[in-house]
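Structures are listed in the sections that come next.
In what comes next, chain A is part of two complexes: it sits with chain B in the first one and with chain C in the second one.
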Partner chain A sequence: MELLRRWWKPIALLTLLAYPWIYRAPYYHLLGFNVLLFAMMATSWNIMGGYTGYKSLGHSAFYGLGAYLVAVAANELGWNPLVSAPFLAVIVALVAVLLGWIMLRTSGSAFVISTIAMLLIFRLVALNLREITKGAPGLSQPLPPWSPEFSRMPFYYYILFWLLIALFISWYIRRSRFGLGLVAIRDDEGKAEMVGVNTTLYKVLAFGISAYFVALGGGVWSYFTSHISPVFAFDIIVGVDMILMTMLGGLGTLWGPVLGAFILVPAGDFILFTFGSNTIYLAIIGGLMMLVIIFMPRGILPTIAEWIENRRAPRIAHEGAHSMAEMYDQSKGKTVAEDESSHERTASH
Partner chain B sequence: MSELLHTDRVSRRFGGIQAVKDCNVSVQTGSITGLIGPNGSGKTTLFNLITGVYIPDEGEIFFEGKKITNLPPSKICHQGLSRTFQITRLFWEMTVLENMIVPIRQVGFRSLLGPNMFRYEIDRAMGLLERVGLTHLKDEPARKLSFGQQKLLEFAAILMADPIMVMLDEPAGGVNPTMIRFIMKLIQDLNREGVTFLVVEHNMGVVMELCDHMIVLDQGTKLAEGPPAVIQINPAVLDAYLGT
Partner chain C sequence: MHLPSWNVLIQVIIIGILTGGVYALMATGLTLIFGVMRVINVAHGAFLIFSAYISYWMFTIFGLDPFLSIIVSVPVLFLIGLIFQRFVLSRVKGDPGLGVLLTFAMALTLEGVMGSLWESTGRSIRTAYTSEVLAIELSGLTLRLPWVRIGGLVAAAIALAAIYFFLKNTNLGRAIRATIQNRSAAQLMGVNVESVQALTFGLGLATVAGGGALFSLIWTFNSGSHEEWISKMLSIIVLGGMSSLPGTFLAALIMGVTESVAAVVMTSYLSPIVFYLILFLTLIFRPQGLFGVRIREG
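The block that comes next holds the complex of A and B.
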């Protein structure tokens, strides 16, 4: 057990590095790319949705914006997408900071709705700004110069590299003063503000950072598929997938989003192959998520951590502390609607 | 003595209710000032106005001679004005030590990116926890603490921001007599170390013993003020409390 704890990271990394050489069929490269792409984007979303507690349903807007920026830059200016994506994602992050500055005046369900509205606006703009986006038919990019059977491997390693960067940023934020402030905002925003945390600044920065890797993912994806259209680039399902993965693995944990992506992406493919239709895939994933929410509301990793902790030793120091903790858990139903009402309560009291 | 905090004709209305009306309150440097009044007299609203939770409809608020009327709460905290809540508010999922580290007076961009706890901050936090007797619980999540311990933690945590003035909303509310004595002792000790207090409290025994100056609110305005002994026998105050 101790050995596993010590070595699992290098082992996992070596496995991931070796994977495309072991499973050489193009499908496995596609699957690997998708898993890593979503692991990176879910990690990024988690910085806002998990650490800070502001759950954006509109992160696909940054995904699509990243995709279009990279595609347009490749077509018009001849920029290599893999080089330009990390830089163009900075622009998207700045856009997110600007929009976040407006949207983050709301909280709870109002914030969620405003992010959906943002996504729909982006999609409308992409559909109608025909000069740049070519409208509904979409935009094509030149294919990568590598030979076709080899072509997915560079993407795989490229996104693996950026997943590691995203994980590092996520880890770094979590252990920084900034991250402590974000978690404080999630726990009690009014109180955080009252003890000197500049909550607006923290939230807006977190929103920008969480948009960055999603935009980068969109940019790489646009080169990978070589053809993008508004319907797929600004698809709400992409954002929903990030959220489901994070919630499955463990909201607000470092490895939760990665674990979620490693489970849900292959599971989605499996269901797709077994049952064929796309809508069935959504229904089954939805049912699965409901089971998770009922039996493991905090996600896999926190639940496992709790088991281990409970098995080690009962560590209750005080009489009554347990029942108080339970009361607290009950009073925090964790739904968006209740979050909203509790927020109002604290604001008005 | 000089004036540390004062409100100048502050008013705030919620719909049809005039919660605070033309309220002039001042707190002297180094004092323990009590703020009392019947339920609904606007004590907590006044607290919220001073700490920036609400913006007053009219009037200005000055702290250390500087206007703080429209500042956001975090900026007011940075100025050195901290508060506790009537119903204890902590970061429930965080550990006791983390709860201590969050409150900060001023943070530069560099330290924002630094580790979440610096050695000297931990030392300082542990010193304060020692004072309230919570050192052994430093790694427990705040939600597992007993009610009294949570109150002490909230109090200790705001001291991390090194406040010039502390506003306490019912520090003795719902805690046992031993704990009340402990909290009173703590307030007096801190006061001797130079912290000014403004205390809302319903327990008259506590207020009379603790405060050197008292302000009575009724229906959103100041009804009377003066030393406890004088307030105690003020007919208008008795009237407001007992009704006629």
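The block that comes next holds the complex of A and C.
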């Protein structure tokens, strides 16, 4: 247990690095890519939905915008998608900052609705700007130059690299003053404002950052599938998947979104294979989301951490010597976060 | 973009008003539910499609006229609403964003179930009178109005009048209005807020069942259509001021006419964008809508 706690991160990383060489069938590469892609995007969504508490249902808008920017740049300007995606995602993040600056005047359910409206507007525009997007049939782009057998391996490592970056940023934000401000906004926006947090600036920045990796994911995905259309690029379900993964793993924790992606992407594939139907997949995803919201709104990691805490508490009082709970502490989950923000509040009084 | 002739424009506006009446009935339940629960029921569109499917089934299997199929769909949806609020939605307290996510999850579940039951083919009901048209000659103008639309408006008006009478003159109606105005005060006055909430959700879905029956006569639908329709209903109630019933009615008429005119002025592909833009702009620049409360924090 002790060993596992100390070494799980390097072990996990090595496993992920070795994975495509152990499981060589193309399907496993596809699965691995999807898991890492969604882990990255859920981590990104979590910065807004988890840390700040503003739950956007419209993040697919940034996914689709990233996908289209990368595809158009590849077709018209000949830019290599894997090089251009991180830069074009900056543009999407700026768009998100601009829209966020308007939309974040609302909160709660009004905010959720405005994000849905944003997504639907994006989709309609993509459907109708036929000169650029080719409308409903969609847009193709050149296939990767490397051999088809390995075509998925570079994507896998590329997205693994960006997942690590996203995790680092999420971790860094959470332990910074900025992150404390975000959590304070989630817990009580009025009080946060009173103690001197520039709430508008913080929220808008968090929205932009959380759009960045989703846009990057969309860009990489568009190169990966090589054909995109408005209905799939601006599919609300992509955003729903990010939310569900984050909430299942642990809303507002560092590792929760990753855990959620590692559970739900394979589970989703399993459901699709077993039933072979999109509609049953929808029903199961929806049902699961309802169960998570009702019975485990905090997610797996915080629930397990609390359970272990309660079980161990009488014997080992202050050691916290258990991997899950410490993982949770490191991720600066809710309890720690509340302690800190209340410290900050008392400090500034 | 092109401007239509007067003849066409007047026809389009009247059709828009007829459509707006049906929109009003569809969106009334959403307004009631938001007023009492302070939760935006994103599953409203899915329930609308679901009740349209019930009417479709009643028509294809038993040959029951959609106007009459409400004797099945209204009680069914009332019960579903009662149960959903009492045992599911009431468990989520505090964060209104979470309530929205929950109803959204319900919409997805329903979409999946409906898609499995009825596949993704677009359905619509064609009765003997579907293509009948009322032609009116008015000082040189010829108006051609489909009977289905006129029947839709009349049925919607009757249903809305019944709801209005119910809210004004019954004890439960008073309790619902009191809860909309001030939940804690209502509770202090002895209103059992929990039952009122469950009954309101049931009532809200019962009205959407009525809307769904009319809907199935006029529009083509499949399990995925709810996304488009919930956006329309949301823009209506946001424009109307969220918990105001007269506001909803007026906004529904405005939206019906705007959409109808936009469809001839712009392409009909792009015309739904009018809804989303109005929704977006109202939320941001006039969150209290036409008449109503500010809901930025809703």
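Here are a few things to note about the model shown:
In this text, the second predicted complex is superposed on the first by the 311 of 349 C-alpha atoms of A that agree within 3 Å, B and C clash if a C-alpha of one lies under 4 Å from a C-alpha of the other, contacts with A are read in each partner's own complex, and residues count from 1 in each chain.
By our rule, contacts are C-beta pairs under 8 Å (C-beta built on N, C-alpha and C of every residue); 3 or more make two chains touch, one makes a residue touch a chain.
Note that the structure is predicted; figures quoted are calculated from it, not measured.
Contacts of A:Met118 after superposition on the shared chain: chain C is touched, whereas chain B is not. When the two structures are aligned on the shared chain, A:Leu282 is found in touch with chain C, with no touch to chain B. In the superposition on chain A, contact of A:Pro297 is made with chain C only, not with chain B.
Contact with neither chain B nor chain C is seen for A:Leu94 once the two complexes are overlaid on the shared chain. In the superposed pair of complexes, A:Val183 makes contact with chain B only, with no contact to chain C. By the touch criterion defined above, A:Asn128 lies against chain C but remains apart from chain B after alignment on the C-alpha atoms of chain A.
Judged by the touch definition given at the top, the superposed model places A:Ser107 against chain C, while chain B stays out of reach. Of the two partner chains placed by the overlay, neither chain B nor chain C lies in contact with A:Leu14. Within the complex formed with chain A, the residues of chain C that make contact are 39-40, 42, 88, 91-92, 95-102, 104-116, 120, 223, 227, 231, 234-235, 238, 267, 269-270, 272-273, 276-277, 279-280, 283-284, 287, 295-298.
Put simply, chain A touches chain B in their complex at residues 175-181, 183-184, 186-188, 190-200, 315-322, 324-325, 328, 346-347, 349.
Residue ranges of chain B in contact with chain A, taken from their complex: 44, 51, 53, 72-75, 77-78, 82-83, 85-87, 89-94, 98, 101-107, 111-116, 136-137, 140, 143-147, 149, 157-158, 161. Residue ranges on chain A touching chain C, taken from their complex, read 53-55, 57, 102-103, 105-114, 116-118, 120-121, 124-125, 127-128, 236-237, 240, 243, 277-287, 289-290, 293-294, 297.
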